[in-house]
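In what follows, chain A forms one complex with chain B and a second complex with chain C.
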Partner chain A sequence: MSAAIKGPSLTLKAREAISGWLFVSPILTGFMIFFVGPLIAVFYYSTTEWNLLSQQSHFVGMENYVDALTRNDTFWNVLVNSLVFAAGLVPLNMLLALGLALALSRSVRGAVFFRTVFFAPVITSAVAWAIIWTFLLQHESGAVNRALSVIGINGPNWLHEPHWAMASVIFTRVLKTVGLNMILYIAALQSIPRDYTEAARLEGANGWEIFRRITWPLLAPTTLVIMVITVVGSLKVFDHIYLMTGGGPQNATLVLAFYIYEQGFKFFNTGYASALAVILFVLILALTILQTILKAARK
Partner chain B sequence: MAKLHLKELRKSYGTVDVIKGIDLTIEDGEFCVFIGPSGCGKSTLLRMIAGLEDITGGTFEIDGSRMNDIAPAKRGVAMVFQSYALYPHLSVYENIAFGLKVRKTSASEIKTRVGEAVTMLQLEKLTERYPRELSGGQRQRVAIGRAIVGQPQTFLFDEPLSNLDAELRVHMRTQISELHQRLKRTMIYVTHDQVEAMTLADKIVLLRDGRIEQVGTPHDLYERPQNLFAAQFIGAPKMNIFKLTDECQNLRENLKLDRNAHYFGIRPDSFEIVQPGEGILSGKVRLNEYLGNACLIHADIEGHDPVILEQPVGTKITTGTTISLNAKADNVHAFAKDGNRIA
Partner chain C sequence: MSTIMIKRLICAAVLSGTIATNVNAEELRFTVWTGSKAHLDMLNDIAEGFRQTHPDVTVRYDTIPFGDYVQKLTLQMAGGNPPDLGWLLENSAPAFVEAGALADVSKTLHATENYNYADFSTSAMGLWTKDDGVYGIPFSTSPFLVYYNKSLYDAAGLETPDQRATDGTWTWEQLKKDAATLRNADAGVWGYETVDGQGYSARVWHNLIPIIRAYGGNAWTDGTCHLDSPEAVKAIKLFHDMIYVDGSAVPPGEQGDFFSGKSALTVTQISRVSKLADANFDWGIAPLPAGPAGNAATVGQAAVVAFAQGKNKDIAAEFLAYMTNAKNVAKMAEFFPPARKSVLEGDAFLSSNPAITPEQMKIVAQGIENGSVLPSHEHFPQIEAKARPEFDALWSKDADIQATMTKLCQGIQPLL
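After this line comes the complex of A and B, so read on.
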C-alpha cells in the first residue's frame, strides 16, 4: 500500500495571503512610521499648549480649536485668504488647462513643442520660479510694468498692494501648475475614441455641440480628479507665498499653510500650529469625501 | 432617392496611395457590399463616402450633385460604426435622439421618431439603459436605431457585425437584410466576411490594394470570377488553382481549355471522385476533415499544389488512399497568364 502524498500544511489561499502581506510590508511600515505616526502625533499636539522653545507642554483639550475658531480674527482672515486663493486659482487653472489641452491634444504641427513649453514650469524649481516672477513684477524695474508702460499703462506695485498681491500670486501659481492639469486633460482627450466625434459630426453636431454634449461629459471623471488635486494643492500652498510675498502686504496673502508655519516655527506655538494643521487636514479630507460622493452620484 | 457615383476616386496619405482610382455606380436602393482583405481600402472608401476622410482626387456624386466638399451631415448619410460609437454617458433613448436634438427637431417629433425606431428594433424595454448595460447585439441595434431616426437616404455600415459571436452575427445579418427590404434605402456595407457579402449584397465590390478587382452580383463573383484573386477570395474553401505546365498539356485537351489558358481553377465542390484511371487528376489523400454536413478531403497532387475537395458525408476515404478526380468542363474556370479570366 502506497503512502498518501502529503500536501503543504497551508492552503494555497493562505500562502498567497502571506506572500501578499510580505510584499506590501515595506511600504506599509514606512506608511505607518512616516504618515500615520505623525498624523496621530499632530492630533495629540493639537490638544496641548506646547512651546517648542521652552519645551513646556500641558494638556488643554479643545482649547486651541476654540481659540482659533472663536477668538482669533486672524485665523478667519487667513481662512478667507486661502479660500480666495483657491477660488481664484482653481477655475483659472482648470479653464486654462482645458483650453490648452483642447488646442494641443491634436497632432498638429508644433503641438509637442508647446506642450513642453507649458509643462516646463511644473518641473522648474518653485524657488527659481518665484524669484523670477518677483523680479518680473517689481514696481519700477519689473519687466511686466515696463511692457505695460509701452502701451501707456502705469502698472501697480504688484506684490506690495493688498489687492494686486493676491491676484499676482494666483496668476503666477496658475502658470506654474497649469501644465500638469493640461497633460491630464490631454491624456483624457486622447483616450476619447475618435468614433464618438465622427458619429456626432455625421449626425450634424458642430464643434461646440460636440464639446458640450460629448467631450465635456466624457471628461467629467478627469475634471473631478483635477479639481480635487488643484483645490487641495491650492489650500496647501506655502512655498510660493513664502518666497513672493511672505504673507503680506498687511496679511493680504497670508494663507493657512503659511500661517501654520508662522505659528509653529516663528512663534513656536507648536500646539496651536498643530490644531491649525488638523483644521487644514479636515478641510482637505472633506473635499476628498466630496469627490467620492460626486463620483458615486455620477454612477 | 440616392444614386451614388464614384469617378476616378483617389485617396493618398502623403506619398502613400490608399485608394487608387475607383469608378463605381451604386444604384438607388441597392445593397452594395465592399469586401476585400485587410488593408485593401474598403473602410477608407466608406469613410470618404461619409465625408470623414477628404477626397484626394476624383469626384463623388450623390444623385448627380458633387459631394467632395460637402459636410458629412449634409450628405444624407448615416453610419453604423464597427465599435457602434454609442455615447457612453447617454441612455439608449438619448443616444438614438442625439442627432435629432442637434438638428433642433421638435420634442414631439423626436419622441415619435425615436418611438418608431425602438419599436422597429425591439428596444422598447431598454430605452433607459446605458450602453455599458447592453449586450453586443443590443448595442448593435441601438447603433442602427441611431442611424434610422435621421431618415438618411444612404446607410453606411463599417464591419458592423465583426464584434459579435457567430450565432448573433447570423441573427443580426438577417435583421439588416430585413431592414433593407423594409426601408428600401441605399446601403453600403463593408466587411471582410464573404458569407455576409454573399448573403446581403445586391452588388459586391471586391477590392484589393486600393483598386476594384471585380464588381457584380454574388452569383457573378462565385460563378464567373474575373481573375485569380476574385476566384480565390470568394468561396470557402477557396478555389483550387492549377498551373498548366508543359507536362500537363493533356489536361488542356481533356478539359477543353482555351489555348491561351495558363491557369485553371476548380471549386472544392465541383470535383467528383471517379474510378481509378478515369479522372483527369489523381492524388493521395492527406487529411479527411468531417464538417457535419460535408467532409473536406485534402489531397496531394503530383506536379501541382495540394487540393481540397468537398464531398458528401459518408464518403469513405482513408488517409493515404490514392483517388482519381474529375470535373465537368462547365465547372472549370480558365485564366490567362496575366490572371484574368478567359471567357
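After this line comes the complex of A and C, so read on.
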C-alpha cells in the first residue's frame, strides 16, 4: 500500500501573495486601526449628539451639519477667518520660499549658512516659537515696536487689535514654515539640467525670460506639491492660534481647527465637533482636487 | 525532574502569586494637577495613613498638567478608563454634577465616625451638593488677596495696604491712587498687574469679579445677567481708567511681573507665595480692597471628588472621607487653605506655612470666612466663550463700557 504524497496545494503565485500580505499586514493593521478606523468613526459621530462628559449619545442624522451651516453665525465667521488665514499665508509663504530658493540655490558664499538660518525655525518647537513672538510683539516693550520707534513709527498693539492680530499670526507662521518650502524649491531648482539655461542664454534670453520660460514651468510639479501642503497646513492651523491669541481679540483669529477643539473639548459637544471636522475635511479635499484639476487643465 | 520542568513550575508559582496579589489588592487612581514634590509627598503620606486601616489599598496619584486637566480627564472617562478620584475646580463643578459624572458620597461621609460634616459651611459646599447628594469636598478654598511690594511703598512713603485695611481706608479707589503713584515708567515698574498677568484673557473673570462685587454688582443671579448693571459698569470703569487714564495697570500685550519686581501691586492667591522665595524686595499681603458695597472677598475653590464611573467606588468614597477628615485637612492646610471651620479657627493653621506670618495667615482666614466663590455655571465654558469677544472689546481707549457690557449680557443671557 502506498500513500500518495500530496504536493503543495497552492500555486506559486498564491503562496507569494500570501507571504506578501503577511509582510505588509503589521503596518496595514496599524493603519486600519489608527487612521482608517478613526476617520470612519468621525463620520459616524458627526451624525450623533454625543456629550463627552455625560456619555449620552443619540442619532440625529444631518442635524449637526444643518445647525452649523444654517443656524450658527459663529461658524461662518470662523470659516471666513480660516480662509483669510489661508489666503494670507499661502501666497506669502510660496513667494518668499521661491525667492529664497532662487537666491540660495546658487553656490555663492554664505548660501549654506543662510539656508540653515531660514530652515532652523522649521525644526524649532512651535510652542517656543509662538511664545517668543508674543514677547517680541508686545505693545510698548516688544522688540518689534522698539525697532519701529527708532525710525519714527508708532507700532500697533499687534496681538490685541483685531486686524493686526490676524496679520501677526500669519506673518509669524510664514517665518516658521517657509524654510521647508524653500528646501523643496532648492531641490527642484538643482534638478533642472544646466543645459537648458545655458542654451537659452546662448540664444540671447535674459534672466527674467529664462525664469519665465524655463525655470517656472519646470518647477510646476513642485509648486503643486508645495501649494497643496501649504493650503492643508494653513487650514489645519491650531498651535499657533492657541498659543499666541487664543482665538482673540474679539474672535478675529478664531479659526476652524481651534473652534473644533473648543466645541469638542471645552463644551464637550463631541458630535457637533465631529461634524465640523468633516466639513473641514471636505473643504481641504475640495481645494486639493481643484488645485490638481487647474494644474492638469493648464498643461 | 528535568530543568525545563523546574522552570515551568517556577513560572507557574510566580504567575499564580501575581494573580493572587491582584485579586486581593486594590489600586485607586487619583488625578491631580500638581507636580510639586512637596505636594505629592504630603498626598502620599495621607495615602500611607489610609493603608493602616485598608492594608490592601494603594493610591496612585496621576499628575495631569493644569491647562489640559479637564480635557484629559474627560477623554479618560470617555475612553472607559476613568480615575477613581480626582481634584476638580469650581468652574467645572456644575457641569460635572449635572452630567452625573461624579459619585454621591454623602452616605459614606455620614457613616464615617467623627467626620463632622457640619464643619463645612453651607456656602463652602454650595457647588458640591445637589438635593441631598454630596459630590465633592473642597480641599482648597483660596481667597484672592492683594500682594504689594513693600520696598516700593516704603520708598514712596505711602501707608501700606494692610495698614489701611486695619484703618478701614483700603478701597479700590485707594489702590488706584497707590498704583498711579508707584508707576515708574523710567524704571520699568508698573503700578498694578492683573491676576497672574492674565487678566485680559484666561483670567478676565478673576480680574473683574472682585472689583464688580465690591461695587455691589455680580455676574449673574437666578439666571439673570447683571454684568451690565450700573454697579458693574462703574467697577469696570475704575479698572479701565487705571489702564487708559492713569497708565498704571499693565495693559494688554505687556508684561509686568509682580514677582520679579516689575509691578507694585497685584491680586492673586496664597499659593503664589512660593514665587516670592527669592524675591529681592520686601513684600506684604492685604485683603481685597473694599468698594461702595463694602468688603467683597472672593474665593477660588477646588474639591476632591469620586467619579461615578470609577471601578472601586466604595473604597474611593472611603478614601475621600479619610482624606478630608479634620486631621488630614489640617495637614493639607500648609498648601491649601481649608474649608473646615475647626481647622481654620485653630492656631495650627496660622503657623502652617513657614513662608507666611501668622498675621498674614489671619488675612487668608478672614478671606475664606467672608468670601463668596467665583461665578460658576453648568454652561460656564460656553458662557466664557460667548463673553470673550465682548471682554476683548473693552480693552481700547475709546471703549463704550456700558454698550459693551449690555451686548455681553445679551449674548450670555440665553445660556444662563
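Assume the second predicted complex is superposed on the first by the 279 of 299 C-alpha atoms of A that agree within 3 Å, B and C clash if a C-alpha of one lies under 4 Å from a C-alpha of the other, contacts with A are read in each partner's own complex, and residues count from 1 in each chain.
FYI, contacts are C-beta pairs under 8 Å (C-beta built on N, C-alpha and C of every residue); 3 or more make two chains touch, one makes a residue touch a chain.
Nothing here was measured: the structure is a model prediction, and the numbers come from that model.
**Student:** Sharing chain A, do chain B and chain C clash or fit in the superposition?
**Tutor:** Fit.
**Student:** Between chain B and chain C, whom does A:His139 touch in the aligned arrangement: first, second, both, or neither?
**Tutor:** A:His139 sits against chain C, while chain B stays out of touch.
**Student:** Once chain A of both complexes is superposed, is A:Glu209 in touch with chain B (first), chain C (second), both, or neither?
**Tutor:** First partner only, chain B.
**Student:** In the overlay, answer first, second, both or neither for which of chain B and chain C A:Leu53 touches.
**Tutor:** second
**Student:** Taking the superposition as given, does A:Pro193 touch the first partner, chain B, the second, chain C, both, or neither?
**Tutor:** first
**Student:** Between chain B (first) and chain C (second), which does A:Lys266 come into contact with in this model arrangement: first, second, both, or neither?
**Tutor:** second
**Student:** So, A:Gln291: does it touch chain B (first), chain C (second), both, or neither?
**Tutor:** neither
**Student:** Could you tell me if A:Asn72 is touching chain B, chain C, both of them or neither one (first, second, both, neither)?
**Tutor:** neither
**Student:** Could you say whether A:Asn251 touches chain B, chain C, both of them, or neither, answering first, second, both or neither?
**Tutor:** second
**Student:** I want to verify one number. Taking the Cα centroids, what angle sits at chain A between chain B and chain C, in steps of 10 degrees?
**Tutor:** Vertex chain A, arms to chain B and chain C: 150 degrees.
**Student:** Of the partners chain B and chain C, which touch A:Leu159 in the superposed model: first, second, both, neither?
**Tutor:** A:Leu159 contacts chain C only, not chain B.
**Student:** With the superposition applied, I'd like the minimum CA-CA separation between chain B and chain C in Å.
**Tutor:** 52
**Student:** Would you tell me which residues of chain C are touching chain A in their complex?
**Tutor:** The touching residues are 71, 74-75, 77-78, 95-96, 98-101, 188, 200-202, 251-255, 309, 381-382, 385, 388-389, 392-393, 395-396.
**Student:** Across the complex, what residues on chain A touch chain B?
**Tutor:** Within the complex, chain A touches chain B at residues 193, 195-196, 198-206, 209, 213-214, 217-218, 220.
**Student:** In the complex of these two chains, what residues of chain B are touching chain A?
**Tutor:** It is residues 50-52, 71-73, 77-79, 81, 83, 85, 87-89, 98-99, 102-103, 146, 150 of chain B that touch chain A.
**Student:** In their shared complex, at which residues does chain A touch chain C?
**Tutor:** So the residues of chain A touching chain C come out as 51-55, 135, 137-142, 157-161, 246-251, 262, 265-268, 270.
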